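Shared chain: chain A. Partners: chain B in the first complex, chain C in the second.
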Partner chain A sequence: MSIVLCRVDDRLIHGQVVVGWGRPMGINLIILVDDQVAASEWEQELYRMAVAPEIEVRFVTVAQATAELGEWQSNGKRGLVLTGDLETMAALHAASPEIIHRINLGGIHHRPGRRERLPFIYLTDQELHRLTALEESGAVISAQDLPTTPPVALRNLG
Partner chain B sequence: MNQRVRALFRLFAIQGTWNYERMLGVGMGYAAEPLLEDLKAVDPVRHGEAVVRSAEFFNCHPNLAGLALGATVRAEYEGVPGPQIVRLRTALCSPLGSMGDQLFWAGLVPALVGLTVIGVVLGAGWWAIAGFLLVYNGIRIWTGYWSLRTGMASGMRVGAAIGSSWLPKAMEWITPTAGFVLGATVPLVVAWYLDGFGWAAAVGAAGVAVAGFALTRWFGPGLTSVRFALLAMVLLLLFRRIGL
Partner chain C sequence: MSEELRGVVVCHGTLAEALVQAAEQISGIRGALVPISNTGCDRDTLEQRVLDAVDGRSAVVFVDLASGSCSFAVLKRLRGEPSVKVVTGVNLAMLVDFVFHRSLPPAEAAARVVAAGEKSIRIP
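Let's look at the complex of A and B:
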């Protein structure tokens, strides 16, 4: 059918993604966009273990993803685009703003310099400014870990 | 005390400092500390870095955390570059979380609770409850020991070690088995509550048990044993209400 969810989560593929979002949304294609994982077979093997065999998992680089977004949007599958960081999602949005339109912040965890915005979202002020700029360029951004919890709009994360 | 035994004891307290910032991270660091001791004499700088890395953000099922702990400690001793060890930790969160949840929370625990309830209904009383505590904790402790040993033995190749271990096979069987047990439990408990236990209830229990096994095998993992048991309970009470 199309890409139904674009998520930023530094844990990449895990229970919240596969079970929490995957099942209720009927997702049968997970596209993990990460240059390092795309080049590492042992990491791919580990991530694949967490996913039921009926769900297809594609490991792609940012360049491959920007080239193939159009095809995933029309290939009849219900796809989830997953990135581990904000920069990758911003690059995908820049390449295809219509497809990467609504962005879900699902898990950005503690690192030195980051401040807690929600229990599952930690951002530096600079990262927050970059997200605000992304929203000004047309993206719709909200933080939500699971479909059963209410989404929090970007402007309420400050 | 042996370093591995100390690490194993500490692993059982891995959730003691659970928090949103690092989740199991601090617990992992505490468990890794005795295992990393020998690195201090070999390479003190590396030892310091390894201790810091071991306590960073981490999350998975607590009973399987030993696989990640053992694998990353071995990688530290083998001199694998730090960023690669961080990536290994991140990648392990995913399968160890989903496999552990499916195996323990959605499989083994409901299956053992079902068996315990059947034991109580059939008159075993407190012995059934003591048996549950003994068996569940026995499995949990053995899994912790096995996880740590396997992780230490495989290092960066831990993915292949998990793939060829008993874990994937156990996951395939645990949900239908839990469905079978809970299927048998539901009519027994309902009969026990309502009017004692007779042949009709025994036949009913066998029927629901077989249905539970088959349905959770065909429609799993969407249909978990817990969902099946709840559905069976509601249907039984409805039938009872309309006098069937």
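Let's look at the complex of A and C:
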């Protein structure tokens, strides 16, 4: 198999990701793309605690991820690519648009300047415009916190 | 006499609020426990909520799951803080025991609530 889910979630690895998505999708590889976590062994240890031992977790920088996307796409595992912010996912899409094609907005929470689009998605108008541009470049973007809830297309988040 | 410990309860959804409310109902002691929810929080916001609740005091911080966003926020900001102890797997028995023993040092109070919590898990 290959990368089966590309998710933006500012809580990174947590129950909704591991249990909510991981189990029904049969995920056995989680790739967390985050420069800060990639440099922190104790943070990695904390995140590993949230994941069953049979699931492999890799912590990589954006640079490492862009270099290794092809390998993850063909390594026989069912992979989940996870980023904590939109910029990182956009960079991965730019590096490999055919692999980072469908993008799941799973959790982007309130910060000053952001407006609620869904209870689990807050975006500034600028962020929404950048996502629209990303979709115009070929990505398919929707918001969905769990597989049991219906996805909401990007065009309906305005 | 030193200041009594603060109890901070950090859970998913509305669990912390419900646990604190129930502990107050049983013990009759109000204001000893501060509930924190992760609902609507990104990592930074949740970490700040926890720090605000501890407010630089000696405390025991109770977390629902041993891993996940709540425990991560707590450990990231309070790891290695000698006046704060973190306990995972919070249950009602732990909180009721805690509110009656807030004059203990944090490490002793934490060990005591863990024992109380484990003791309360039975197949009767």
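The rule we apply is simple: the second predicted complex is superposed on the first by the 158 of 158 C-alpha atoms of A that agree within 3 Å, B and C clash if a C-alpha of one lies under 4 Å from a C-alpha of the other, contacts with A are read in each partner's own complex, and residues count from 1 in each chain.
By our rule, contacts are C-beta pairs under 8 Å (C-beta built on N, C-alpha and C of every residue); 3 or more make two chains touch, one makes a residue touch a chain.
None of these values were measured; they are calculated from a predicted model.
K.L.:
Once chain A from each complex is brought into register, does chain C clash with chain B or fit beside it?
P.N.:
After superposition on chain A, chain B vs chain C: clash.
K.L.:
Just checking: does A:Ala50 make contact with chain B only, chain C only, both, or neither of them? Give me first, second, both or neither.
P.N.:
both
K.L.:
In the overlaid three-chain picture, which partner chain does A:Val152 touch, first (chain B) or second (chain C), both, or neither?
P.N.:
Touch partners of A:Val152: none, neither chain B nor chain C.
K.L.:
In the superposed arrangement, does chain B or chain C reach more residues of chain A?
P.N.:
B
K.L.:
Scan A:Arg23 for contacts with chain B and chain C and give back first, second, both or neither.
P.N.:
first
K.L.:
Report for A:Val4: first if it touches chain B alone, second if chain C alone, otherwise both or neither.
P.N.:
In the superposition, A:Val4 contacts neither chain B nor chain C.
K.L.:
Under the contact definition given at the top, report the residues of chain A touching chain B in one complex and chain C in the other.
P.N.:
Looking at chain A, the two contact sets intersect at 10-12, 14-15, 42-43, 46-47, 49-51, 109-110, 119.
K.L.:
Under the stated contact criterion, what part of chain A meets chain C in this complex?
P.N.:
Touch residues, chain A against chain C: 10-12, 14-15, 42-43, 46-47, 49-51, 84, 107-111, 119.
K.L.:
Considering the complex alone, what residue numbers of chain C touch chain A?
P.N.:
12, 38, 40-43, 45, 65-69, 71-72, 75-76, 79
K.L.:
Give every residue of chain A touching chain B within the complex, in rising order.
P.N.:
Its residues touching chain B are 10-15, 18-19, 23, 36-37, 40, 42-43, 45-47, 49-52, 109-110, 116, 119-120, 122.
K.L.:
If we count contacts the way the header does, which residues on chain B are in touch with chain A in the complex?
P.N.:
20-22, 57, 59, 87-88, 90-95, 97-99, 101, 156-157, 159-160, 162-163, 168, 221-222
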